[in-house]
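Chain nomenclature is as follows: A, B, C and D, assigned in order of appearance, with residue numbering initiated at 1 for each chain independently.
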Amino acid sequence: MTTIPQPAPLGVAAIGYAFMGKAHSNAWRNVASFFDVPAFEQKVLVGRDAGAVAEAAAKYGWAESATDWRSVIERDDIHIIDICAPGWMHAEIAVAALEAGKHVLVEKPLANTLGEAELMTAAAAKARARGVQSMIGFNYRRVPALALARELIAEDRLGTIRHVRAAYLQDWLTDAESPMSWRLRKETAGSGALGDIASHAIDQILYLLGDDVIEVSGRLQTFVDQRPGAEGPEDVTVDDAAWVNLSLASGAIASVEASRVATGRKNSLQLEVYGSLGSLTFDLENLNELNFMDTTVPVREQGFRRILVNEPEHPYLGAWWPQGHIIGWEHTFTHQVRDFLTAIAAGDAPSPSFEDGLNVQHILAAVEESAAAKSSLIQLNAPVTEGA
Amino acid sequence: MTTIPQPAPLGVAAIGYAFMGKAHSNAWRNVASFFDVPAFEQKVLVGRDAGAVAEAAAKYGWAESATDWRSVIERDDIHIIDICAPGWMHAEIAVAALEAGKHVLVEKPLANTLGEAELMTAAAAKARARGVQSMIGFNYRRVPALALARELIAEDRLGTIRHVRAAYLQDWLTDAESPMSWRLRKETAGSGALGDIASHAIDQILYLLGDDVIEVSGRLQTFVDQRPGAEGPEDVTVDDAAWVNLSLASGAIASVEASRVATGRKNSLQLEVYGSLGSLTFDLENLNELNFMDTTVPVREQGFRRILVNEPEHPYLGAWWPQGHIIGWEHTFTHQVRDFLTAIAAGDAPSPSFEDGLNVQHILAAVEESAAAKSSLIQLNAPVTEGA
Amino acid sequence: MTTIPQPAPLGVAAIGYAFMGKAHSNAWRNVASFFDVPAFEQKVLVGRDAGAVAEAAAKYGWAESATDWRSVIERDDIHIIDICAPGWMHAEIAVAALEAGKHVLVEKPLANTLGEAELMTAAAAKARARGVQSMIGFNYRRVPALALARELIAEDRLGTIRHVRAAYLQDWLTDAESPMSWRLRKETAGSGALGDIASHAIDQILYLLGDDVIEVSGRLQTFVDQRPGAEGPEDVTVDDAAWVNLSLASGAIASVEASRVATGRKNSLQLEVYGSLGSLTFDLENLNELNFMDTTVPVREQGFRRILVNEPEHPYLGAWWPQGHIIGWEHTFTHQVRDFLTAIAAGDAPSPSFEDGLNVQHILAAVEESAAAKSSLIQLNAPVTEGA
Amino acid sequence: MTTIPQPAPLGVAAIGYAFMGKAHSNAWRNVASFFDVPAFEQKVLVGRDAGAVAEAAAKYGWAESATDWRSVIERDDIHIIDICAPGWMHAEIAVAALEAGKHVLVEKPLANTLGEAELMTAAAAKARARGVQSMIGFNYRRVPALALARELIAEDRLGTIRHVRAAYLQDWLTDAESPMSWRLRKETAGSGALGDIASHAIDQILYLLGDDVIEVSGRLQTFVDQRPGAEGPEDVTVDDAAWVNLSLASGAIASVEASRVATGRKNSLQLEVYGSLGSLTFDLENLNELNFMDTTVPVREQGFRRILVNEPEHPYLGAWWPQGHIIGWEHTFTHQVRDFLTAIAAGDAPSPSFEDGLNVQHILAAVEESAAAKSSLIQLNAPVTEGA
């Protein structure tokens, strides 16, 4: 990578101010209070409704608001575009921004279709060659406990990984009377639990193990197939739950279960990694904790250790509060922005890349293919890499 | 069912004195100290090694020992045969005992092959018509917390069940250097984690939901394919781990994962049942606890309740100790014997029946079939019922 | 209370930029992004070292920095003084600020001596009569789970409270070789675990129960009585741990244990409240959870409910993220500032008041008196109230 | 100790067949099925009601029953007397049995009064000199997890113990309408939560640390001071809850809290031991688990390990079931009888001795003395030792 001198300060524009826009704005507003990052300014928040976006901009710490993302992309004082708009808008914005020489951070999923994702990845590769960076927002890579998990695995503390047991369980669709929405239509949402949350679990597996998926089988299910719409019952055309089985290049096997009807589970991304020397477990509802089983200590004293990942020795934690003063879900976005800014300043390609996002989408597509073919195992091509 | 007057006391013979023989003997030795059961006597323990079985008989509370199970079956003072011998011996002993008019309790799995299991089921049906009872030892149906779970589900406290997440995780094969044994050869063991432990999880799903399986897919994996034998490395020919997906007649879906290389999990049968009104979770390593989420209380105070299933109000617990004085794994066998004896006295067919055992084996066979066919979904015939 | 029209925007100055200054600044920087609060501006951060405070001001979102708190207090554009300076400075600053007509938020403890605390409380009472508000920063009153606990108790869901079991356990002094510091000298710190952390636990008991302490006994212990100083070993003159027993006016009894040598406990404020109808437990290391035992449901299904206090229905949570997206320790300060600002705008006296802080200090003083008198029970006078 | 040849088999008589008689009988009935113990016979069960004791004897595995304990003590074929009768009968039976040359196991508490306890201890010392053994039934010393805890402490894995946090919490008296009973009258029960359950916690502290108590303070409280009797309300004259603070000879401090109105706690003996190098926590409601914090591993991976104390490597566990097949509360009595029999065969004095029981009663008496004297610290004399 060539280090490219960056303007100081970097001007940032974010597009979208709903749930993700709020979370990303929070990260931009706070990152410099905790981390040493390159100078930047929260310049513009972009949205379609002029009044609403102006209010959001004021509330979330942006200097200005705007309604036309194209003109924002053209501005010389904007160097970073943070895309928090819905998935179907990602490709157009990201490609335009990259071509305009702006660094791009895009929320997951990379896009709603494989074709769009491939266009974006190609644009990212071209831009990268010119020193223009891009990143996809798999923010759970920035949970300190999971970053620690990755370190332990990379240091071979778990030995040969045999299998991974992953689940992402929520329950906001449990009630069969909860209303129809764009998230439940295939045209607008692409898929249901699969793309929304199983994607996070799959990315984590790749991240933690540093491995590739070579074979996939899966199953999708819609338990509540009609929900109340504005003018009567409407068909739900995405999955409520998904079951995935992955073969990894290393020989490990991973199972993934995702559900939005898992009553009592609020935001429970659970990960269990079993190796020949040890194992790890994690639950996003207790994101400050990692459980570690180390079989190299005497049997008499073996057991899962509940590590409260809140020490200065832990990833990202030196910047926050003294030990035991736990952090929350939103902090993962702050870490994400910190790593993105740091990479830009260093001229490094941030991680995860658009290629990483595309690879996850290939896997999701294979799950859909398998689900349509009686759950049969589907072979995957070699993953896309940044060099490709 | 016709109530058949039973001899008093019932004479009991057990065949086998290894792990399961020890556990069953413990149940026979203690059941009458806690429960009101028909009079019975621990008459004979049967095994192949005369000296060892005599010692075991003395230790475990049997009046006599014997080496020839055939002659024991013929004795007039023996009315119950408890089969704790290896799976490949089940069919021959069970059929002979039933034909000799003895009530039979047989450890799971029912048999090592489907053919044998069918023979046994046919013999059980014929015997039942004559008032001779039979039962398969899925002892986890007698965990009080799981019996309570079944009650809550039967009372519709969970509403429509959407999906079940089950796992049976152990780690005694984690070490790749642990030696070869008969349990790791297909000829002697039938299968690995699938038949040994996934079978328990599958039976529990059927028990808890009172449902039938109509479609199956699965995957099997052997992570350590050679292990040290007496004369050098030998091939492991059974699975270390299994992944199963089940469609239930009700529309629910269940996933089952079984592993004997899940480092740090000692005997962890985990069950999670998600319904439209509530959910339940359980782990055999904390078998005195059931967690219950009830969404009919106000949202503000909803949460998984850790029920310590140790009150006189709970199944089986009135017989034991005051509240909070927890019971252990072995107690499930005591409950099993209690229910078996009570059913015999009442002239009722005990549950689970050989048909229940056969149904589980049909499912396991379908998993193997699916695993051999790229994990494709396999249709199952209608389950065998006792009336069949 | 008389509602006093407030200037818009309110100008805020904070004094101190160490641990607490960082936490308070974070709250000021973010509160308006999540809550509807009166308009305010982060005007000035005050500290003794001009360079360091300027840097901190820039980092933490303050428009300016200053080194002389007295001149800041005199400024017409400053309406709120947030005191994050060490305890021995509280009285002088707070009294001056109140007399200058500034609303005051002061970190706990109210002061290092009872005499100073009484001066401050008198000044607060006088100021309050003029519509000038004051508040002490017992931030754990703003943990949503504890606010919910208070609601449940106030609604009589626990019935008659019999006893409370509280502990605040940390371990940063476990290592006998960790060095001497101002926190370990009575002259500078006042006391050790007692004033630093037992004070939080005691305030919580009063908050949760809405009760008063009438009798106190206690014990203090220094386990490591010398620690390495710059020029050799120095005497530790404050307690490492404290044990307190409190009689409450209602007839309830509370025990409090505080330690800074409880190895493995990082920031574990544990609370257990036992009543005739139910009970509650809480641990600050899992601050998003409250466990609730409700004995009004049938015995068969009773158990502690783990309530994930992250629903819009829960205190403060509507402002943050969707369910299950947990918050962290720092958020309690944001809630504190929100409640402080809201009370100022409404002309209400914020809670907890300086009187609340003084009452806690009377209790701490009684603990010290008891500890010096062989742990004998000490009677307390009636608590100071805001009307006094 | 002189090894005294023992008769074979040893004849055992138990006195009492209520809760404790049932638990002890269970231990005698099963111990030889799991452990190698000297030969013995369950000869006689003694009780006052001839019919009831005959029925209990048959149910619990005793060859005979009897109503006159004195004549049983005289029998030549009886060598061991196991006293499960109420506390006020202990002294008379134990002294008579010891004088008759019988080994004695007595349930805790040793006696209802200090005077009786001293008589018994003197008789035990005299008998011991003649090779006649005695033991008090603090069965929780035989919880495998606590035996492991003691080993770890003895091996200095915790370093210098600073403080212990103990509680024994139950809730069977939570309901103010639950009726009066002999357990709630001082004349019959001696004391309430203090003698019944705090005694267990205090014995555990002494056992785990191998330490002596030198100073005591305490407080007792009766929250429900009248309860429904047969003929109207009656006064409760024992404590519902107790708070104890202990100074240990080593310099450590222990707090003990006991309650029978801790709603939701069923049988929760909680122990936390904090040392300079590590710490341990335990809860009897999960008695198969011990949590161990070891600060000698790197900070990054420190955390409480949940050790499932169910491996052959753990105390007592080699005799039971494979790993992860948990045991229950009753097993502690089996271990107790095993250790008692083994000591007798070896001619060793079993532990805990009557002196250990007397020392606990001295501590309980000092708690009552302190409670009556405004909780003031009370000095204790040096503990009684077996050599005394």
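Simple rule for what comes next: a contact is a pair of C-beta atoms (placed from the backbone, for glycine too) under 8 Å apart; a residue touches a chain by one contact, two chains touch by 3 or more.
Composition by chain, UniProt nomenclature: A, B, C, D = Dehydrogenase.
All values derive from a computational prediction rather than experimental measurement.
J.: Looking at chain pairs B-C and A-C, which one is connected by more C-beta pairs in contact?
T.: Higher contact count goes to A-C.
J.: Could you work out which pair in B-C, C-D or B-D copies the interface of A-D, where over half of the contact pairs coincide by residue number?
T.: Comparing each option in B-C, C-D or B-D with A-D, the repeat is B-C.
J.: Let me have the rounded angstrom distance from the C-alpha centre of chain A over to the C-alpha centre of chain B, please.
T.: Computed from C-alpha means, the inter-chain centre distance equals 42 Å.
J.: Give, as an integer number of Å, the spacing between the C-alpha centres of chain C and chain B.
T.: That gives a centre separation of 55 Å.
J.: For chain A and chain C, let me know how many angstrom lie between their CA-based centres, rounded off.
T.: Result: the chain centres lie 36 Å from each other.
J.: So which stretches of chain D touch two or more other chains?
T.: 302-304, 308
J.: In the complex of these two chains, what residues of chain D are touching chain A?
T.: 148, 152, 290-292, 294, 298-308, 311, 313-314
J.: Would you tell me which residues of chain B are touching chain A in their complex?
T.: So the residues of chain B touching chain A come out as 158, 160, 162-163, 165, 167, 171, 174-176, 217, 219, 221, 223, 240-241, 243, 245, 251, 253, 255, 257, 259, 261-265, 272, 274-279, 293, 295, 302-304, 373-377.
J.: Enumerate the contact residues on chain A facing chain C in the complex.
T.: Residues 19, 23, 25-26, 29-30, 32-33, 59-61, 170, 172, 265-268, 284-288, 308, 310, 320-331.
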